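Presented sequentially are two complexes of chain A, the first with chain B as partner and the second with chain C.
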Partner chain A sequence: MAAAESPSTALRRRDLCSRGIRLAGKMRADVVDLLDAYVEQQGLDASASVAAVEGVPLAAVERWDEQTGTQRLLENLAAYRAFRALLAQMLEEQREQLGEADVGLGRALAAVLLQVSAFAYHLEELLRLESRGIPGEEEEEDGPPPPPRLSLFEQKLRGLGVLRELAQWAVRSVRDLRQLTKPSPATGAAPGLAESP
Partner chain B sequence: IQYERVGADVTMKCGSMDWDAAVTWTVNGTDIDESHLNGSYLVLKNVGLSQSGQYSCYEGSSWHLKYQTYLRVGTPPKEPVLMCRSNNYPKGFYCSWHLPTPTYINNTFNISVIHGTKDMVCERDAIPKNRCHIRYLQLFSTVKYKVTLTVTNALGKNFTTLTFDEFAIVKPDPPESVVAKPVPNNPRRLEVSWQNPSSWPDPESFPLKFFLRYRPLILDQWQHVELSDGTSHTITDAYAGKEYIIQVAAKDSDIGTWSDWSVAVHATPWTEEPKHLTTEAQITETTSASTSSFMAPPTTKICDKGAVVGS
Partner chain C sequence: LGDPQNLKCVTHNLHKMLCTWDVSSRGRHGQTDFCYSTNDLTPQVCFKSKERRVEIPIPESSITVTIKSSGTAFATKEFVIHQKDISFFPVTPHILSLTPDFPTSTLNLKWSDNGSVFPYGLDALWQIQILRKESMEVVTQVTYYSKLTHEDTILSWNWTSDIPLECTSHYVKIRCYVNATQFVGPKDWSDWSPAEVIPGKDTEPGESGVFPLDPVVAVGSDLTFCCVHEEDQHITNMSYGSKSYTMMQLSRRSHAIRVLNASVSNSSGTNVVCILENGLEGSVVFVGYAPDIPQNLSCETSNLLTIKCTWKPGRPSGLYGERRTKYSLFERTSGKNISCEVSEASRDHVCGFPVLPDQKTYDFILGVSNPIGQAQSSLLVDITQRVRPNAPEKLTVTGNNSTSIQLRWFINGSFAEIRLLCQIEISSSYSERKLHNVSMPGRKSSTYTAQLNALHPDTEYQLRVRCSAASHFWRWSDWSKGVEQTTSEA
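So, the complex of A and B:
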């Protein structure tokens, strides 16, 4: 059983979690707006089913309620790092395809990218709070291997898949962070990350 | 059993009897008029629901039973109406269905639920019979659910399909135990409290937000207030002395749609107890009370002493 958390750490954690919940909520709203604009601008069908796109982290999870706090944070962090790279790729492709034709969409994409980066940093802070090493920082410099060159239509579909998953992840993150702030049934105090389901 | 559609023409042979044999036909034990016979065949034109029954044919002289059937007149099923909803997110969701019009004969319903490529079990509820529920195996999925309901009876078959996202069908039940009370010494306040719907399994991890609407009975226009946490609210702009009707609705804080409105509750803000007046004061009181009339929200206090609480 991990040593009980110090009150200051618990307080700091609660503060980080509630700010993270607000950040994720705002991010989700912006991603949903961006998704609508993206679908329209790219001439896609909003109800189109998009097969899982390689490299896009899936928000879907089984036995979500059994995950520990650390698992939640680590999975969130890995996902938002991947989204950071994917959104940067989308932004680049956006500029290549359209140049300055649709500044609005580009700006919205950049804004979401910023929020994703901020949220990833927020998650790292939470992990640091638990004196847990931040995973994969060494690979951070060179980032994930560049995705294969896709056709224009494939790029559009991948973009749709990225934004859809990101919208789901934002909701999942809100739920995950709420779990972290939940008092554990036994002590009533917020459990250390390792224990908190 | 012989099934026939409403409006069909039905011909029944008397078993192995020849066409020209002498026979007697009965329905539910009553002789059928010979006008319905074509030789020994029974001919029923444009059958209606009322012609369902047990039809028997007897050989003329020996009264031997030569043929008997039960005729059930009905209709093939129309496209069923299917609805799926999650009122206990994130545990699962239920689907319920009905036929837009009766068929008057037995129908069999079969439901299939597919999530991506995975077949999911829809566990039938004992009651009501036209409902089953599915447990979420995965949460936060972007893969859509596809539910197909097929209805079959002896006269035909039909089906309907619903495709939806996990979040789209989340709709809590209305809030419960809504209570509204006056606030002593506050003629313009009402205290409203309620509880999360008992069907909502984990309000802590999946908090609900609420929508409160209230109006005086004498007005049609509702006033609304949205509350993102907590299960109580104090109305501070109530019209003094007027009876109010109040309802609450709930929604998951992040996804889905609003619940239906809760049961309506009524309450009237606190009003000052009428003092024991001397006769002279009563007379002046009564004349001023009869001229007072209801006005828009008062910025200055209007004492409506003439009105009797609760009349």
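So, the complex of A and C:
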């Protein structure tokens, strides 16, 4: 049984979690708006089925209930880092392909990228709170290997897949963070990350 | 029995002829003596031949041939061959190369005309056949003309397909006819060459996709897109933009749609989508305009350090990002070439070019290009006759009395090689707006002064200044900011 955390740490974590929940909620709303604009601007069919896109973390998870708090945070952090790289690449491709043709979409994309970065940092804060090392920061410098050069249509579909999955992740993150704030059934106190199912 | 028969002579080069004959069944395996003579005076020339074919020079008029077959029974037969009995058709042409250019769907065919074997100056006709699909349907047959020059010349011919070369295999065959007007015997086309093939993507295992991939085409084009898929895959729909199209089958693994008179696409391109049973393939086509010829190209300088050229771009191309219309300014005298940073969204198109040491006249070519086309405008200008200084700055009153005011101002620019003409606007409640012109030698980023006389005492004056080149006036600068000054009492 890990030692119960100090009241100040618990308070700090609850504060970070609730702020994280708000951030994820806002991010989801913005991603949904961006998705609509993206589908229209790219001339895509909103109902188009997009195969799993390489490098995009899937929000769906088996046995979600059994995950520990640390697992939740680590998976969230890995996902949002991946999305940060994917959105940055989308922004680069957007500039390359459209130049200044559609500044609105570029700005919306940049805004979501900012939120994703902020949320990733937020998750790192939560992990630091539990004096957990932030995983993979060294690899972060080089970032994921550049994906294969896709055709323009494949780029469009990948963008669709990224935004759809990001919207799903934002929902999952809210649920994950809420899960972290729930009191532990045994002690009634908010659990340390390791314990919380 | 064993009689030589059916003697035929054919020429492929109008010099030599190949004679062949048969021997009835019993004498078929023996050797044959082939003798010929062009007339009674010249001795016979003889050959022994097992293959029953002999190559000999073409006679001026006729020859007498004696063929003796030495099979089980000796048999001799005599033939008279006249030039009119000799038929002529060129050797089968040899395709040197067949090169596809996929982006333009163009095939380049190269072949040798084998001209060295023919006399100089004969006309040659080449029939080129393009075939398509697994069933090798003839798509087109073209006749190409050339003149033989007694040398082997490599001929080249291009053909642009109406469907992308990736969509299905394309085959090319060629044959030749030489118009040997002097030759009296029957003339005919050569045999067709073996077909050269450019395999389509529908022949490559595991290959799939929509082609052409991400093309850039002109508005009004008629386009063909194909969806290459695995043989067991069924296509449910092919669409261009938001509209579905009827499909044509090219092969078991390739279906196509035809889009007529394509209209301009939006900035992210028009999607061509092929919906398969368990997948989606697509391409993005960018439909735009070639650049217009830039209008009203004009160049001037505000400081004799940098030349600023402006122009009217004409109709927007509808292309963006890496496909946008790009501009470059080339100056012929110096050979200097500048690529211009012109943003698509901005209304004014401007490009800067450095004033070069010891060069007054500039022979500009503004080049414009995008993936669909290019255009250019040119302008020859003496830049010292196109000076429009920046607005004078820091206009200051440096002194005054009851009837005069001294002014000073600053102009940024390197005008040491020209004289400046400046105009001072004088307004007061007393009198109408007056303009006072003053000329002075230009200098490098310097201040200039002037004195206004014959003013009224105790009067408030509003003053501002603008300048231009004194000789070869081009345009006034903008006005400087105004200053106010009251003359002292008398």
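Remarks
The working rule: the second predicted complex is superposed on the first by the 197 of 197 C-alpha atoms of A that agree within 3 Å, B and C clash if a C-alpha of one lies under 4 Å from a C-alpha of the other, contacts with A are read in each partner's own complex, and residues count from 1 in each chain.
Heads up, the rule we're going with is that a residue touches a chain if its C-beta (ideal position, glycine included) is under 8 Å from a C-beta of that chain, and two chains touch if they have at least 3 such contacts.
Because the structure is predicted, anything quoted here is derived from the model rather than measured.
Superposition of the two complexes onto chain A shows chain B and chain C fitting side by side, with no clash. Of the two partner chains placed by the overlay, only chain C lies in contact with A:Leu152; chain B stays clear of it.
By the document's definition of touching, of the two partners only chain C reaches A:Gln42; chain B does not. Looking at the shared chain after the overlay, A:Ala59 reaches chain B, while chain C stays out of its contact range. Of the two partner chains placed by superposition, only chain C is touched by A:Arg95; chain B is not.
Judged by the touch definition given at the top, the superposed model places A:Val174 against chain B, while chain C stays out of reach. Of all Cα pairs linking chain B with chain C in the superposition, the shortest spans 11 Å.
In the superposition on chain A, the residues of chain A touched by chain B in one structure and by chain C in the other are 49-50. Those residues of chain C that touch chain A in the shared complex are 209-210, 213-214, 241-242, 266-273, 279-284, 320-322, 324, 343-345. Considering their complex, residues 90, 137-144, 163, 167, 204-207, 254-255 of chain B touch chain A.
Residue ranges on chain A touching chain C, taken from their complex, read 41-45, 48-51, 95-103, 151-154, 156-157. By the touch rule above, chain A contacts chain B in their complex via residues 25, 28, 47, 49-50, 58-62, 64-65, 161, 164-165, 168-169, 171-172, 174-175, 178-179, 182.
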